[in-house]
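The structures considered in this document are given below.
Shared chain: chain A. Partners: chain B in the first complex, chain C in the second.
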Partner chain A sequence: MALDGGKFLGAYRASLGISDAVVLCHVPIGCHWGGGILAGISRQQDINHVCTALHEREIVFGGESSLERSLLNVASLHPGPAIIVVSGDVPSIIGDDCEAVIRSLDLDKKIALINAPGFMGSMRDGYEDALLCLAVFMMEHDTIEKSVNLIGFCRDDFKVDADIREIKRLLSYAGIKVNCIISNCSFEEFRGAPAAELNVVVGQGKLLAEFMKKEFAIPYIEAAYPYGLEKSLTFVEKIGAALDLSGIAQNELDLESYKKIYVYLQKLNGMPVSIIGDYHSSPMAQFLEDELGFDVNVNSNFEDSSFEDHVASSNSIMIFGSSFELKIAKVLGIPLVRYVYPVFDRVSFCDAPFAGIRGAQFLTEDIVNAALMFRDDYITRA
Partner chain B sequence: MKKFCVYGKGGIGKSTIVSNIAASLAGDDCIVMVMGCDPKADTTRNLIGHRIPTILDSFRNERADLINLNDVVFRGFRGIYCAEAGGPEPGVGCAGRGVMTAADVLKRLNAFEEIKPDVLIYDVLGDVVCGGFAMPLKNNLADDVYIVTTCDPMSIYAANNISKGIKRFAERGHVRLGGLIYNGRSAVNEPSIVEMFAEKLGTRVVGKVPMSNLISRAEIHHKTVIEYAANSTIAQDFKNLANEVYANSYKVVPQPLSDHDLDGITSEIDLFLREQDM
Partner chain C sequence: MRKTLCEGVFLGLFEYMNLFHHHFGIDCKLSGSVFSVSDIVGAVPLIHGPSGCAFHHRFTPWRMYAPVYNVESTNLGENDVIYGGERKLEEGIVQAYRKYHPSLIVVLPTCVSGLIGDDISGICHDLRSEINCDIVHVSSEGFSHRGRELDDGLHAMANSWTTYQSSASEEYELKGCGQEEVAKALVDQLMEEQDVKDNQVNIELNGRCRFSFKRRLEEMKRIFKEIGIGINATLLGGTVEDIKRASAACLNVVTHNRIAAKRMNERFGTGIFKKEPTHNGINGTEQFYIDVASKFGLAGEAEAAMKREKEQAIENLIKLKRFFGNYRFAMISHDWMFNPHMVRALVDDLGINLKYFCVNTHQLRRMYVPSGDDLKSLQAELEQLFSCWGLDSQIIINPNLKEIMNVAKNVDCMLSSEPAAIWHGCEITSTVVDVSSMNYLLFQTSFKGFVEFAHLLALNIKNVTIPKENHSIISRFNYDQIYYPLINDKSCSASREMWDLWKS
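And now, the complex of A and B:
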């Protein structure tokens, strides 16, 4: 079965990206629980997502009263500047007029409505469409020179905080300021996103970038997620080139540390591995092949429902994926390196990124340790 | 227990026929229950004399586990047990889900075990528009289905569409088409056309209800013809129909017509109208 959360989950994740807004999910409690539990595990202090809790009564008689009541409650209880209503499957099927409900209320908050029934598209569709809906919050700003918005990051991505910190560090060496991280910012930062000189689409969010190009004349480039030394440099250089800046200095690279684990790296060289993920998977696979020397013999995405079959019939000695791949990893008795959403059986709150130059070190360390935790015969499975 | 449901195009006379069948069968130790499955909730009005609170009215105002049988089932003419599913306001919510919820409430209340009806009749909204309105066809709620139709092309088209729904559920379970009920209240009154349609479906016309002013007059007084004009010819027609349905054992999996075959029926109607004009 393909591992795609559907349009609702994508929209929900995009909405959670405005950290001080309240995300009001207009759905039955189960729909909210699904996305909420994945978000809540990785960021347990966040309580800015609530639910209209549609029950059978609302399904029969309509959920508009419930939405109205919830909006009034949220407006009175939460000090945040904005409410984002994400309307899911049930309101879409029964035809709730959410827009009319919102229009009828005179609330002292900005409100955005995202219609995102799960059956109407993929998680990626939901993310893209949601950002377009949220763009109503944006305001024209004076341009901040040599600044960029990074689009595509989600607050519940594994390692996202550490990754952003590392990416910001690398960009700052090249004289590039990060204006706004979408979707991991405050409401004011999101409103001020049009101040950036350039938008950088990292995997997803291209529709928003196109919208901002048309609406605010901000150009955009697309860049792969910066896994590994080579791609991290390329990432910074590509952005720098678009801003007429020179790239990061090569002396930023510290290869000395890798020499300490030379024997292990040599042992892993040429070993077959499998990888699955979203837009993170392709740059991760390149890092594994180009820099660590793995042979990626199954490279798949979450839309591929036959990943497990492919892995089982391969001679992979390691899987790179999400927590959902633990089952197949256990069945095959091979290690799993979690790197992509959703990761719900590992925490990542320390400054130990996977992205960037420091990230390449942490990744390599995790991979070698994952291999060492298994017996030799797993390594020699190939 | 004889359990059947009555379908047909909106405004075709289902509620009139259901209430008169119920009134005909009730009494003489025969316990009859009628459940209206139309959000308009007017099936049982002529059995009770006024509209009754619906199951979904109670559900809207009360927790499901606090609803009592007496809140949703009422006694009417000849002690007939009457319940109305009800529904949301027009244009909001999901009426189909409402029918399912109402059926669920009755189940939770053990309504059928408590009442022990000999005859249970469901009167269902115009067409099988969604899974909710197909509810009586599922879960053994009804054994057979009767479709009310006139000679009008759109009525026959609707009846054919309903047959598609019946066929689907017949192939999965035990529900069957018991037959067509011909209502003569139409600009085109030619029973042979409906008989031909029934034959093509693989069923038969179980009864005919001729046009009669008495039906309208009875309904103005919120009564069935059986109560209002018990000795009239039309009352006897309803009694005959009720007896036929009650005793009917000829039930089929219908074979719905193709568009081409339906065109053949409408051509017959056209021919009949031309002959009338001449």
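And now, the complex of A and C:
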């Protein structure tokens, strides 16, 4: 069953992106565990989250003293400049006044509070609200010309570091600097976000962009996640146009490397596929359809609980999704290409993006190899 | 053996990741419940709560390599929290039935549904007559947990190491255990009165999808059959029908689910046999079968069967025992508090000359046991145990890296329950063998499993080469001197310490 992660998880993921802050989850242990372990699959050296571990005692007497104790402890233990308190379902129901607790303490760290009960919205809602809450950290800065903030990322997105590196590379060829990646940056970088000339909302984070427009007079545009060759160029051109830079994208794409596997690409043209994801899914579907010539039978998002039924009743022979789509892929006996959070049975730590020009190559390679690996089961049968 | 090694290493990646994250937190009761329900063939877990709970509980720590995909959720929203989620629960049960046609739907409430007070048992009761499958509800709210203080149970457990039997106080408050809650709910709501069949046992053998489950079960079935005992059901790794007729057995053989076993005894008169910490290794496994058989007056048959099994196992171990006799060993482990008798099995059955037993108690602290007097009492029990066994191994509690290196100088081989590569960065010149991927074989009550462990251990010792200059990537990291093998990082250390503090 396709499931949305809920508002708490979205807020948690947004907060984890401030790399040198510590995220204090005001929740029972399970909520903290789930987001934490999914975030740590390809970031095992970087654990910046803790929790107040609410139990029955707190349900009865309130969790405020646990929150206070945790804040004092984490402030003394953690070296970072900020604490981000993310309060979940249980404190919202029992009525913990987290704001009052924070106000009562005189800590030498910046503290933000995000109220994000899971039942109050989707994962995306949580992400949007969290960024708005974190915006209190931002400070007025002199504008850096031809610079942009990219808003919409999460630190635990699959391939996020490599994708960011590739996007920065493409923008740098166009003379565009990246000021801050939200939410995958340091606390100081986040505070300095108002120095950008333009905000680029990539899939989510529009509420923050609107706030920054109002508060710091920074305009924003929305751009689709840059999967594929053409779409990557479009991405750069769109940003360039918004910054009054013209004729910046490469006019001719280098397709030489694709010639090396062109016979396979010919054969795979028209392949029926299904795709599910968050805001990554539509741009990915476009790449698959427009540039690889696939036939996207089912294009869905995580709020669609009937995705598996739709796939089963289609003639898709490849699925694009998260690690949770492995079951339906196995049931149908078709390959799964993992590209969207959460991915917990693959690691991504090297410079092999899926976004951008280079990313189109890596993505195409993974897709073709997934198709070739289908034959593995046949080896022992022969 | 290749399959055992593949499972231990490749599936062990996920187990190791699970263990790693226990430095920073732990999953809640709902997680254990989801896992236990997934073990029942034909059952579907229905999480009654917001979708976020079901989202990550599919990725259950107990078997991260095989997530529980068939988890349904009632997806409670704000309106449901205000007005109640009972309607959604009704719809969720009906939809789960229509989608899967399961034999059993198990309703698992979350913190939210627990707090808003939905009448879950009432809904389940009303729907039982309307859909053609069984419905059970479990007390799985995540905030429900045993206390932070050290339980009497842990003292009783330590005491049982030396008295070789469990005391009554060992059945401590288990309301924090999702697995136990599922087992108890099944006894109360699903099991049916049966005519008791002679010489039949139920075996607690969970983890149907965990590696080596089938092999363990096959050996147990074969041996019990030789003795004249049949296995009525495996709980919980069986079918719904198996669970329903579980009371046809005279005896439950249990390891963890003691409260459920007690309930079965109260409801159906089913006897209880508890597997003890001593039931490991060759002698321990022999004792297990004889002890169970004695309950049926079949001790003689068991002894005959054990004679054959033991002779075969010992014959398989003769050469290996001679091989191990050439080495002086040290052991570095965090598993000791679960079963130090495993150490005795290594010494007695494999002839391991154990000079040092280094114990890392941080694992214990991650499971809410504070430091100080409580750990001292456990340490004292361990020392007494070793003394009873006539072991002259030196026990070192929480050695730092320097102390480990000193130990390494005085032995030929170190058995570590952490990956061996990290020790190679510490100028340790003795052979280091990572037993983490094969440790699970030691905890089984199995002749074959134990022999397999011995073979794997010998293979590893023979094949390990100590590089003259260590260039492995993993050996170049700067590790935390006390909490190795965690990387030395202030932020990680702070997160780990916060988790420790929560327990104080």
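In this text, the second predicted complex is superposed on the first by the 368 of 382 C-alpha atoms of A that agree within 3 Å, B and C clash if a C-alpha of one lies under 4 Å from a C-alpha of the other, contacts with A are read in each partner's own complex, and residues count from 1 in each chain.
Convention: a contact is a pair of C-beta atoms (placed from the backbone, for glycine too) under 8 Å apart; a residue touches a chain by one contact, two chains touch by 3 or more.
Here the structure is a predicted model, which means the values were calculated and not measured.
J.: Under the stated touch criterion, which partner chain does A:38 make contact with: chain B (first), chain C (second), both, or neither?
T.: second
J.: Of chain B and chain C, which one touches more residues of chain A?
T.: In the superposed model, C touches more residues of chain A.
J.: Given the touch rule stated above, what does A:56 touch, chain B (first), chain C (second), both, or neither?
T.: In the superposed model, A:56 contacts both chain B and chain C.
J.: Of the partners chain B and chain C, which touch A:93 in the superposed model: first, second, both, neither?
T.: both
J.: Is A:321 contacted by the first partner chain B, the second partner chain C, both or neither?
T.: A:321 sits against neither chain B nor chain C.
J.: One more residue to check, A:64. First (chain B), second (chain C), both or neither?
T.: In the superposition, A:64 contacts chain B only.
J.: Touch test for A:28: chain B only (first), chain C only (second), both, or neither?
T.: Second partner only, chain C.
J.: With both complexes superposed on chain A, which partner does A:6 reach: first (chain B), second (chain C), both or neither?
T.: After superposing on A, A:6 lies in contact with chain C but is clear of chain B.
J.: Show which residues of chain A both chain B and chain C reach, each in its own complex.
T.: 56, 58-59, 93-94.
J.: For a test of understanding, state which residues of chain B touch chain A in their complex under the given definition.
T.: So the residues of chain B touching chain A come out as 56, 59-60, 64, 87-89, 91-95, 97-98, 101.
J.: So in the complex, the part of chain A that touches chain B is made up of which residues?
T.: 56-64, 93-96
J.: Can you list the chain A residues touching chain C in their complex?
T.: Spelled out, the residues of chain A in touch with chain C are 1, 3-9, 20, 22, 28-38, 40-41, 44-56, 58-59, 70, 73-74, 77-80, 89-90, 93-94, 117-120, 123, 305, 323-324, 326-328, 342, 344-345.
J.: Mind pulling up the chain C residues that touch chain A in the complex?
T.: For this pair, the touching residues of chain C are 17-18, 20-21, 24-31, 49-59, 61, 64-65, 67, 69-73, 75-78, 80-81, 111-112, 115-116, 142-145, 148, 487, 489-499, 501-502.
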